[in-house]
Every structure is written in structure tokens, then in C-alpha cells.
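Have a look at the structure below before the remarks.
For clarity, chains are labelled A, B, C and D in written order, and residue numbers in each chain start from 1.
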Amino acid sequence: MVKVEIVNGSIDFFPPDDNRRQDGAELVFNGRVRATEHGENIIALEYEQYDGMAETELTQLANETCKKFPIHDLFCNHRIGKVSVGETSLHVVIWSKHRKEGLEAMIWFISELKKRVPIWKWAILEDGTRIPSECKH
Amino acid sequence: MVKVEIVNGSIDFFPPDDNRRQDGAELVFNGRVRATEHGENIIALEYEQYDGMAETELTQLANETCKKFPIHDLFCNHRIGKVSVGETSLHVVIWSKHRKEGLEAMIWFISELKKRVPIWKWAILEDGTRIPSECKH
Amino acid sequence: MIQVKVKCFSQVKYALGTHELALELEIGTTTAELDKLIREKADGKLDGVSLRVAVNQKYVPEETVLDDGDEVAFIPPVQGG
Amino acid sequence: MIQVKVKCFSQVKYALGTHELALELEIGTTTAELDKLIREKADGKLDGVSLRVAVNQKYVPEETVLDDGDEVAFIPPVQGG
């Protein structure tokens, strides 16, 4: 099953779950804002999305990931708007029978997300300046 | 930094942390007990350790992982004793600058753990029988 | 003539100084032609920036003929995550 | 003669029916010889099971000479995680 949400404001993490009977692997990834963006100190990132298309693309990607890898569930929250240094901008949870497919799915999902989901970062510098963050992966 | 613990009883998960400034990736793996072990229905696993050696090997492995991969922290709890279906037997958290090294470190750490840390599983079957679980990875 | 709406994000928004443009184009105009027009408007600020095209919120091939009422976006390298 | 303690886990414990053996061995006995002895005691139940050796809680090469007071374990494939 897939749950995808793009949220403006802080993310509620998907809770652990002790009631699953065939999921031997729970994998959680939290992408967090670092204090440095391309060598410059920042106080926050501001994420901009293409309203509508971002969530559509993200949902489609999550469904593709579940088809490509034998995983049971993929949950993903992506934050939009201002995200302070240290906070989580991307939260992904994958449940699978074994860890191997979960890890492979996680690697592929995030890497594809960074190629096609129309979300961008603006760096908020210490002096308050707001500039588009150049794309370097 | 490395934190390693082998615990008899339920695991306290390492908490999320919004105060890190250079950790862009937080990766969490929970290994959970599945209801089927080599085709047989079980109600729980009972983990047995080589007292002393298991924690020594696990700590050494965690330190090796931090040397081999450019990660910042590796925290690991492994549960011993009876672990019911659905519950977490292995909890690993890795903090790193980027996701790539965190994912690689996670894959290597768990794979090595399953080769050298002297911990074994006994399957507790539905009729209460307790047998050593054969090793198949 | 057709009317199209161009949504601007990130570097495109920054270069053009607006988040949306309403344009009147000749019938048969393609996304490739509109791309060229947008780059001209940006006055060099989008040189070297690769832009993918979305029409009505879906990625489309570079040479797509536009229809009246289309919503077009020139998508600079995305940066989610 | 030397005294050694053999710790038994998992399949070894199951095969021998005990978690610990106290053995008296000749001076110069190696872990490989003790491995053979343990397998004989298991009466076929450890045939085909690969066993690594730990002496005093550290993995050691197969042919290690034992000392008086050593704690030895024949470690069947581990199953943590």
C-alpha cells in the first residue's frame, strides 16, 4: 500500500507497528536540512512545489516502486515551505519481508524522487537573503 | 560515535533528533520477527547469545563500520530472549551527511552482523516446541 | 491565436521575476519554441540551465504542439528530498 | 593434562543436550582435535554443520593449541538480526 503526502508544516512520522506478521524489515529514512548548502551557511531551506503535479508525480513514483520491488508498503511525506536546519524535509518508510528489497527500493525511490518530482529548494542565508539553491546531487 | 547494547526485553528506539547541523540523512532499520520461519508457523523467536562475546563483537563491528564508511553515528540495539511475532529484534540507526554512505553502511553492517555476531534464534512453534532455527540467509 | 499560462518555479521564477506568465501565441506553437521565447525573456539568466517541459502538469516530449488554455511549465532540475 | 570449558550454543547445545562441558585434555590438544571430539559426542547430529572456533571469546584459526583454563566455543552459523 502507498501513502503519500506533501505537507506544509512539520511532518508526523509514520508510527512503528508491532502487529505485522510478514514484514521482517521496517526501513525509515529521514532527509534533514543541513546547515551548509553549496558551501554557504544557511538557517533554513524553503521548499517550493509545483502544486498538484508534485503530489501526482510522487504518488505515481511510489506506486512504481511497489511494482518494481517486492515490498509491502511505502509511506512518504515531503515537507514544503520553510524547514529549519536539523528538521526533516523527507520522511520515507518501507515495509518488506526481507531487508534486501526494502533497501533497494529505498535507494531507487529517493534517487528517482530527486530526478522527477517538481520540488525545489530556496536557501535562506544568515542575512535573510533567499536564493534558489543550485541543483547538485 | 557508536552506541551498542544487547538487551533482554523490549527495545527503546533511539529518538529522532532535530538538533543536528551536518547530518542530512537519518536511516533507521528495524528487523522484526515474522510469523513464518522456514515454512513453519511460529509464535515467537527466542534469541540466544554468547554472553559477553556477542556484545564485544557487535561493538567492534559498529566501530569498523564507522571507519569503513564516512558516517557520523551508528546506534544498535539487539534484543535477546523471547521476541514475539511483529516485534523488533534488531534496531539500527545511522546518521550521515548524505544518504549514500548511510545506506551502504547499513547494508554492510547488518550483513556482517549476520555473519559474525554470536547470536542464534530458536523458533517457538504454535504447539510450544522450541527448536534451533536453521541458518538460511 | 491561443492563450497559454506559463508557471514559473525556482530558477525560472527567479530569472523572470514572476511565478506566472499569460501568453498569446500563434496556433501551432510548440513547447520548443516557447522554451526559446522564455529563455530570451530571461535575458541570459537561464543559459546552461536544462529545462524539462510539463504541459497540464505532465512531462511531455520537447516538441509538443500547444493547445489553447494549456498550462505549461519549464521545469529546472528538481531538488526534492 | 589441561582443563577446558566448552560453551555450547544453538545446534551444538541441542545436539549435545547441554550448554557447557568441562573436559580434561592432553597438553597440546588443538581446537581442530577438540572439534572432532565434539562432533563424535554429538553422534552425527552435527554432521554437515560448519563450526567456527572461539577461544576465550575471540574467533581463532582452526588449528589453535589450547591452554589450561581456556573457554572454547564451537560456533554454528550465527543468526542475529
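The rule is short, and it goes like this: contacts are C-beta pairs under 8 Å (C-beta built on N, C-alpha and C of every residue); 3 or more make two chains touch, one makes a residue touch a chain.
On a predicted model such as this, the values are computed, not experimentally measured, just so you know.
S.K.: Which chains are shared contacts of subunit A and subunit B?
M.R.: In this structure, no chain contacts subunit B and also subunit A.
S.K.: Could you run down the chains that neighbour subunit B and subunit C together?
M.R.: Joint contacts, listed by label: A.
S.K.: Quick one: which pair of chains has the most contacts?
M.R.: Maximum number of inter-chain contact pairs occurs for A-B.
S.K.: Look at all chain centres (mean of CA atoms) and spot the one farthest from the centre of subunit A.
M.R.: The chain lying farthest from subunit A is D.
S.K.: Using mean CA coordinates as chain centres, what's the gap between subunit B and subunit D in Å?
M.R.: 26
S.K.: Taking the mean of the CA coordinates per chain, how far is subunit C from subunit D in Å?
M.R.: Once rounded, the distance between the two centres reads 72 Å.
S.K.: On a C-alpha centroid basis, what's the spacing between subunit A and subunit D, in Å?
M.R.: Averaging C-alpha atoms per chain gives centres 49 Å apart.
S.K.: Going through subunit B residue by residue, note those that touch at least 2 other chains and give them in order.
M.R.: Residue numbers touching two or more other chains: 31, 110.
S.K.: Can you identify all of the chain pairs that touch?
M.R.: All touching pairs, sorted by chain label, are A-B, A-C, B-D.
S.K.: Inside the complex, what are the residues of subunit B that reach subunit A?
M.R.: Per the stated touch rule, the residues are 13, 16-36, 84-88, 97, 99, 103, 106-107, 110.
S.K.: With touch defined as at the start, can you tell me which subunit B residues reach subunit D in the complex?
M.R.: Interface residues on subunit B, with respect to subunit D: 31, 47-48, 50, 52-54, 56, 78, 89-90, 110, 113-122, 131-133, 135.
S.K.: Within their complex, state which residues of subunit D touch subunit B.
M.R.: Those in contact with subunit B are residues 7, 9-11, 13-14, 54, 57-59, 73, 75-81.
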